[in-house]
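Common to both upcoming complexes is chain A, partnered first by chain B, then by chain C.
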Partner chain A sequence: MGPSVMTKKSVLKKFFKKEETVLMLFALPGLLGLLAFYVIPFLISFYFTLINNNVAKNFVGLHNFSELLSNEAFLLGLKNTAIFMAICVPVNMIFPLAVAMLLNKTVRMKSLFCLIFLLPLVIPSGSVAHFWKSIFGLNGVINGAFFAGAPVNWLDTQWCRSLITTIFIWKNAGYNIVLFLAGLQAIPKEYYEYAAVEGANALNKFFRITLVYIIPTTFLVFIMSVINSFKSFKEIYLICGAYPHQSIYMLQHYMNNQFSALNYQKLASAAYVLSIFIIALVFLFYRIQYKQAKNF
Partner chain B sequence: MKAEKRYRFIVHGVLILLSGVFLIPIIITVSNSFMSPFEIINRYSSTLTASNSFNAKGVMHFVQMSLIPSFVSFKQYFKLLFENPLYLGLFWNSVKITLPIVAGQLLVSVPGAYAFEQSKFKYKEAVFFIYIVVMLMPLQVVLVPNYIIADFLQIKGSYLAIILPGIFSPFGVFLIRQYLKGMPKEYIEAAKVDGAGHFTIIAQIIQPMIKSAIAALVILTFVEYWNLVDQAIVFIQDVNAEPLSAYLSRFAEGGGLDMVFAASCFYMLPTVLIFLYGQENIVEGIHLSGMK
Partner chain C sequence: MLKRIFQIILAIGLITVFLISSTGCGDKNEDAKKRTLTISVPADSSHTQLTLQAFKNKFPDVELVFNNYDLDYAKYNQQISTQLLGGGAPDLFMPTSDFSPKLFDSGLLADFYPLMQSDPDFNEDDYYMNVIKSGEYCGKLFWFPSYFGHRPIAVNNLFSKSLAERYKSFDAINLRQLLDLYNSLPDKGGRYLCDPTAAISDWYTFIDFANKTCDFNNDYFIKYITDQKNITDPKKEISDHISKGKDFFNQWDISDFSDSNLQERYALEYIFKVNSGDTSYLSLLLPYANERAFTHFIPLADDKGSLITGLGDSFCISAASANKDLAWEFIKLFTNPDKEEFIQTLPTFFHPIRRDLFKATTTRILENTIEEKRKVEAIDGETSQIVEGIMAFLERCNDMPMVSPIRMVEIDRIIEETLTDFLMDLLTAEQAASILQNKISLYLTE
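Up next is the complex of A and B:
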């Protein structure tokens, strides 16, 4: 670098300029890929929601949306997905919180327990599919033990929703347990000690300290649980097959039919409806969290 | 103090019981993979055979599940690996889909996250917001743009239709950036003062410090795509081209009942090994993405 102040400055300036260029080059491949494979085709697909079909390409306005919202299969899928989420998300939060609180009380083997609870997460769903079928299927253990006279395939009754939920929780609880445990461990022990001195009971401590201080964690766990609850299709497909009981006919089943029928109009409309639903949900919860955070 | 001790005893008891419940499906699958094919048929077949009819009730034979095989046998694995070419083929399909995605994610995510963290670009958070929105979208939504672009590029029938969106999935950039945020900036500043370029900084400072982040990303990405089902249904029509993750559940119906447990175990082996090897990283990875 030059000795005079002026040249030093201009060299530095150049350096910073160049630095930004290099950084941009670092980010560019990923960004372009994201745009090419996700964002741009998604934006383009809005066009498909407005035309009648790929050949005639006549503008039909919101006709595709109104048709979609009166389509029985779509509504069934939407309803079942929403019901599944309404059951699964709270259960997948309360149960892991309870386990995390127990874990937080233990001194030894915390990480071992965490590992055990996390293990189902890494097991491919297909690897345990046969186990679940052997328990709940037509010739399964449950029927053998209790219903040998009139065996039922429990995976094809209205019970299948609870069974899939259980299997889903088995697989996904570990993730939330680890998150909650981290949140709990971040609460200073002194808070509880002060509370004890003030004469607070366990219930008071839970509602006034624990719940209050794990709100940020809860926010994250909620978002992750909502996202993950859409993954239930995997379990349903692997355990109950491509044509499951109608109480677990999910949005993905509807979408798969449209994929094989190459119906871009229905696919795109469904994707838009679903994404608006997700964005609204996240936005709503974000607002709630923001308000909560302001109360501190 | 006695009450305290009893309380702790109960807590541990509940946790051990719960762990048992969590482990049972895995343990049964593993232990039953060491039963002979003959024993599996006897225990799991719904039809009555000469050797299992003694414990039949009514018209059908019910599953006689057992933790311990009557005789330990490796015959299931032998059949699977040497007598049935379909199985290894499907396993190989999974490898061909998963490994490129993991490698690509790493190559794209580490520099990408570094750039987002270091850049002084005014609108970088706005751009990053795109990553977060895409990340929040469920597979049902993102499969539609994935499909449209695959159709446009004429790669619908090939693994590229799954691999390319996998590589550019926003999760990696998000996770690595979370790690970088928690890293002291001084190291990078000091290196810059010493005249180090970005490549040097990434290779010599960032990479060793975020080893655990990279491990977590590798594990989570591997586990995610090793278990892929939805994309296979949409993009792959030929059974022989399916990844094993999608076919495994039909293994028993496809005449493979006598080796279904060995197949299940063999397929979970890579993820379990990788998980045990990087257990601390994965826990830390989840922690850190949760801490923000």
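Up next is the complex of A and C:
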């Protein structure tokens, strides 16, 4: 056994001894999958944004983006997605936090309540769509019971935005409740006791202790809510179809329909605009969270 | 160790590059020797086979690759779409009803006009160019039909002689005019206009595809669908209407009067019969048809007076094709059979897109029909004279302005869903018009 072999062996030993290396090796299959099926196709799709079509492949610069930004349907989708997020994300944070605080106070039936709130999350989207359609459809339970003479078209009027928001909250609140509950339970009870001794009222306790200590959880809940608000397209699509009422026509509708029409240029351009939108949003909140944590 | 791994990866990369480049060179050499024309169709026919043979005879050096999907339309649509996007589409393929005309905007299909203009052998006078141009989209022609057909409308001759006379004064008629004729009847005798499947079908006149706009939310359309609703039987469920309509289409061949009970039942309920692709509507023009329930064929037109035509066995050429010239030659052969066998295989319910073929085939069909009918009943007049009169009428129809509605599956679905809710009293006419306006304009602006 020569000295060079010894050196190589010790290098490898050192290499594998590092904890990060081992963790990286475990993560490698997942990362490769992410690269192969998400990152690389996403980067390649940038090429499609720069050509006129898949046959002629003429370079058109940013023409597809400028066309996209002047497309009424795309702008409508962008506006609706922003409105939907602006409504759903805060509501889907405030409501679960309130419920989590309530559950945190009570000891009995905590698991049962958590389970009840989590149930909508495990119901398949197809069943969710069918369930809500059977309630709010033209032939649904609500119309049958209260509006038999003049049925209200809940799914094809301005009502549908409220309905879709309700479905979103119904489906996703449970997950956030569990996350908030875990965050709340991690706050030492002594802090509240000290605050009570110092004469702090409930509001002071909430803003000075609870909110401060659940910032990391809140950030996670925020990210998850943003992601879930984009994923809600599945339910909207199943309930209202590819061309829903104009108030719930989302960016994903636009992209999905472009895919059906085989227009990869518009699809890829929209995907990039959407990605920039999400990245900017997440980055903004990451900065806020970072600053908050630093101040704390 | 790491160095060795790097060396192995480098070697594999070099071998791959070498293999890919050598394969590519091989293809080029092969191309230089022989050209290949690839054709995909959802279903084969004897006419296609005869054309393939004729093409082989005319271009022996060209290799033909023929992909027949044996009526598996789902697989056909999915594969053609994927191939178009991937750049590996066949040179020539037939569009199906699920084929999205949104492809026209995607640049994946070749325009036929440059091919026609650069071909010295192509003479426009040989073809019904009004029909060919009816499939035009924004000044371009992305499909080339082989046949076309009218939408025949017949009047219930047993109901009212005066109505039949008024109806016969039209050269072509649109659904609005049919509705007005129906509404003008003081006593409708408990009969309705026509079966709803036929009535609820031509909404494309309210859509301007070139300017990507639609006009559903107006008083005219609201009255139009309200009238349409009033002509359906309120005592019957819409599903009953639809299944009934379909039954009639499937079971009742209007040339076959053997099932008189069925005919009588139909005649007792409807004033008009609107047929979509009826295989034997020519029988409606024969003299003996005057004594039958439904007679006097008049083609359906849109609001502007253009006849609504259906295009059959159309072909598209992929924009990526390097053999557009050969593909065009194949289409010319397909639409211009020069042998007796070709004529035998032509579908009789469509008219050939070539004028000379129309004359030859339709004349023969009419002669055969009249001779067959003469065996069982008396028909006044010489066969040649009857045929001449009918042919003159049909040629006049064929030369009228034509429109071929672009059928979009998604729009069909939106219209069907919305109007079914309207007919079932779940939506008012105003609500239905507003929903259609919103959804279809969204579709068009995408």
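What we mean here is this: the second predicted complex is superposed on the first by the 262 of 296 C-alpha atoms of A that agree within 3 Å, B and C clash if a C-alpha of one lies under 4 Å from a C-alpha of the other, contacts with A are read in each partner's own complex, and residues count from 1 in each chain.
Convention: a contact is a pair of C-beta atoms (placed from the backbone, for glycine too) under 8 Å apart; a residue touches a chain by one contact, two chains touch by 3 or more.
Not measured: the values here are computed from a predicted model.
Three-chain overlay on chain A, with chain B and chain C fitting side by side and no clash.
Of the two partner chains, chain B is the only one touched by A:K231; chain C is not.
In the superposition on chain A, A:V178 makes contact with chain B only, not with chain C. Of the two partner chains placed by superposition, only chain B is touched by A:A27; chain C is not. Contacts of A:L138 after superposition on the shared chain: both chain B and chain C are touched. When the two structures are aligned on the shared chain, A:D156 is found in touch with chain C, with no touch to chain B.
By the touch criterion defined above, A:Y249 reaches chain C but does not reach chain B. Considering which of chain B and chain C touches more of chain A, the answer is B. Of the two partner chains placed around the shared chain by superposition, chain C is the only one that A:N263 touches, whereas chain B remains out of contact. Touch criterion met: A:I239 reaches chain B, while chain C stays clear of it.
After superposing the two complexes on their shared chain, the closest approach between C-alpha atoms of chain B and chain C is 5 Å. Residues common to the contacts of chain A with chain B and with chain C across the two structures: 138-139, 151, 242, 264.
Note for the complex: chain C touches chain A at residues 1, 81, 84-87, 100, 102-103, 105-108, 318-320, 410, 413-414, 417, 421, 426-427, 431, 435, 438-440, 442-443, 445-446.
Chain B makes touch with chain A in their complex at residues 8, 11-12, 14-15, 18-19, 22-23, 25-26, 28-29, 44, 46, 57-58, 60-65, 108-109, 111-112, 114-116, 118-121, 127, 130-131, 133-134, 136-149, 152, 164-165, 167-168, 170, 173, 197-198, 219, 223, 226-227, 229-230, 233-234, 244-249, 251-252, 260-261, 264-265, 267-268, 271-272, 274-275, 279-280, 282-283, 286-287, 289-292. Note for the complex: chain A touches chain C at residues 8, 12, 52-56, 71-74, 76, 138-139, 151, 153, 156, 241-243, 245-246, 249, 254, 257-258, 260-264. For chain A in complex with chain B, the residues that touch the partner chain are 19-20, 22-24, 26-27, 29-31, 33-34, 36-42, 44-45, 99, 102-103, 105-107, 111, 113-135, 137-141, 143-144, 148-149, 151, 170, 175, 178-179, 182-183, 186, 216-217, 220-221, 223, 227, 230-231, 233-234, 237-239, 242, 251-252, 255-256, 259, 264, 267-268, 270-271, 274-275, 278-279, 282.
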